[in-house]
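Okay, so subunit A shows up in both of these, paired with subunit B first and subunit C after.
Moving on to the complex of A and B:
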């Protein structure tokens, strides 16, 4: 059985928003990484991941998200997340992501705070 | 207080990619039938996913199977779901597994599954022996309280 993650990109004046739909596992995490690295190569330095349609993440997927955060931090950029389920939010805190990436309740607030 | 076992399920799953989703859906359905809150259901699903991934990635078992048992029990003042995830692999050192840290800038970006299981569940017991397999027994509680004509469940902690 497979659970394919879908990723959509919306460019903003000062960065981009990545929308995920589905399970963030190793394959899904790599898909997000590929899209994020394309955007970073294109000069994007502010990236918002909207996980509104993702209900489950696993620790391998999170480890890949951490690698994306590291790469963005190396470029002096910023990654943020929004629209997390309570359990994913808790999981991100356990895994330490919340110390390195901002988490917003909704996209509107995130865009405003990030200046996207 | 009367205790009644209301739901029980046993699954044997092959160790193939994403099979953890099947296990998570099964326990999610059982927990919903027990009337558990969506947040508790989500926490159990994430814990089962991590337990299955650990079995698939690290057990090194020859039968390539994960054995799961779910038991939902309704008690007078609430309910509980017991989950057992078993593999017939080589076993592991839980203390060593707990020592991994996955924050940016650290070498261990993986290996936090056990911590996630322990933080998502109310009780976790690990039985593991070298080459004798591993069973992770996890429990989630939900206390029921009465509010007029309506009854609802709340988190234990």
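Moving on to the complex of A and C:
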């Protein structure tokens, strides 16, 4: 097992999907933030984060994700998550992320609902 | 432009600061656009009340401002104007403006603008503190929920590999560690079982933890190790390294060490559950194997005693719970019957398989009509070649010929058989090594007279070595006393069985008990 986070981006007609693999901590969170802000600067207003290959997230990672959500909300855009492990799903609910970002069980549903 | 309109536009611009963070450059920009000043600088106090430069225009240089307390009132000097940023008694910073002709009216606008900015900054700080407080509250709730969840989740996980992964994931996110490892007890020390990231702990440090039974802190607190207790001893160690902060990594705090210790308690219960489950599975597998072995043996033992004219035959086979390797068989021969008793080394499935091999070979060899010495010699070669090195069989085979009134036998390392001829008890002693021990062993058939009315008794050591609760053996003498009693084969068998049972009492049966008796009429 490794602590390094890898991020991949797939542009969609109406936005983008960001795939994470690994630990969302301070380093991983910043990596996601950098990619998300690049996409926002590029005009992306709907961003789906697919966390299928992420099993751990810590509180620093969560605070960075909240910042990304707030930034996207400032631009009038929307962030959503999909494919969360049950533990991460519960964490997002307790930490309030679920109040500002939609959470979908799978990517297919998310893309359809978000109109990506 | 009328003052009111100018001021309204200025305030409108300053209101934009409310939407984003009130950064120094945005403040300076608003003030230079709506007043005659061309440049300047903004100094803001940080959380520790230290005044720091937040923004400045290129030409402005006034390092001395940082060395003084901000003025409490607007100060208009020859080359610059200093405007305090205050909210009530709180000094938030100072705005320095320079370059440009200004009027008293401009100074009034500056005062009002500075008061507005100060309020925005205070509001934003309060809002930020409220958000951080909310985050911390939620985070504490999440910690509690996590501990509760972990208890439920991991104590239900019975696969130790899955459990180890879950333990690492949970502890990493619980205490914001960057790396973590799980060590499990291995004899007098510990062995690394799972790790997230590279994390080595010296043997000496782990040993210190084992001796003190207390958490240890290493490398200035950036690495912590806590013991996992289970079954009244330390069964493992949880190690975490590099507590993450927004700025990087640092040492763990007392709160995290306490959380990790609470977590280790849950892990201890979970590991014990997994161990008990694994033990139960192993026991189940062993019982299944025993059952299978017992079935194999049961299936190859004679289902019925053969009816031979002029020979009265009885047999007893009592397998021990832990399957041993006793085997017996009868073969009808032209003028009588052959019978054998064998005991293979080992127990359980390996013994059952060897009995099975013996059964197949002996059936073939005897039914081919070979004489007993040849049967034993061939059997020895076969078993030696095909069975494991340390596997052998003690074996006695005896064949009664009612016509010639003789008894042929081969005893390969087995207990001596008995013959009772005319009230006199004699033994059929071993005259060769057990079957399968040496490839070149050869066995010769022994022949002796066996007049009508004689009895032959073959048995396994489970009879003579049956133990009572005082761990005394039944022994040859007790057996011999019964053998001299005059009765039928079946009655003799029942008397021996009853005597063994009476002697053993409540002690458990340790070995298979086999007894074969034949008496000629």
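Just so it is clear, the second predicted complex is superposed on the first by the 114 of 116 C-alpha atoms of A that agree within 3 Å, B and C clash if a C-alpha of one lies under 4 Å from a C-alpha of the other, contacts with A are read in each partner's own complex, and residues count from 1 in each chain.
Heads up, the rule we're going with is that a contact is a pair of C-beta atoms (placed from the backbone, for glycine too) under 8 Å apart; a residue touches a chain by one contact, two chains touch by 3 or more.
As the structure is a computational prediction, the values presented were derived from the model and not from experiment.
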Joint occupancy of subunit A by subunit B and subunit C, clash or fit: clash
The answer to whether subunit B or subunit C touches more of subunit A is B
Classify the contacts of A:87 with the two partner chains as first (subunit B alone), second (subunit C alone), both, or neither. both
A:58 contacts which: subunit B (first), subunit C (second), both, neither? both
Between subunit B and subunit C, whom does A:98 touch in the aligned arrangement: first, second, both, or neither? neither
For A:23, decide between first (touching subunit B), second (touching subunit C), both and neither. both
First (subunit B), second (subunit C), both or neither touched by A:73: first
Touching A:9 in the superposition: subunit B (first), subunit C (second), both, neither? neither
Kindly point out the stretch of subunit C, out of 22-30, 94-102 or 256-264, that overlaps with subunit B after superposition on chain A. 256-264
Subunit A residues touched by both subunit B and subunit C? 1-3, 23, 25, 55-60, 63, 66, 87, 90-91, 94-96
Subunit C-touching residues of subunit A, taken from the complex the two chains share: 1-3, 23, 25-26, 55-60, 63, 66, 74, 87, 90-91, 94-96
Parts of subunit A lying in touch with subunit B, wherever the complex brings them together: 1-3, 23, 25, 27, 55-60, 62-63, 66-67, 69-70, 73, 85-87, 90-91, 94-96, 99-100
Given the complex, residues on subunit B that touch subunit A span 16-22, 24, 39, 42-43, 45-46, 49-50, 53, 101-105, 109-113, 115-116, 119-120
Note: in the complex, subunit C contacts subunit A through residues 19-20, 134-135, 138-139, 141-142, 145-146, 149, 153, 165, 168-170, 172-173, 176-179, 194-197, 244-246, 248
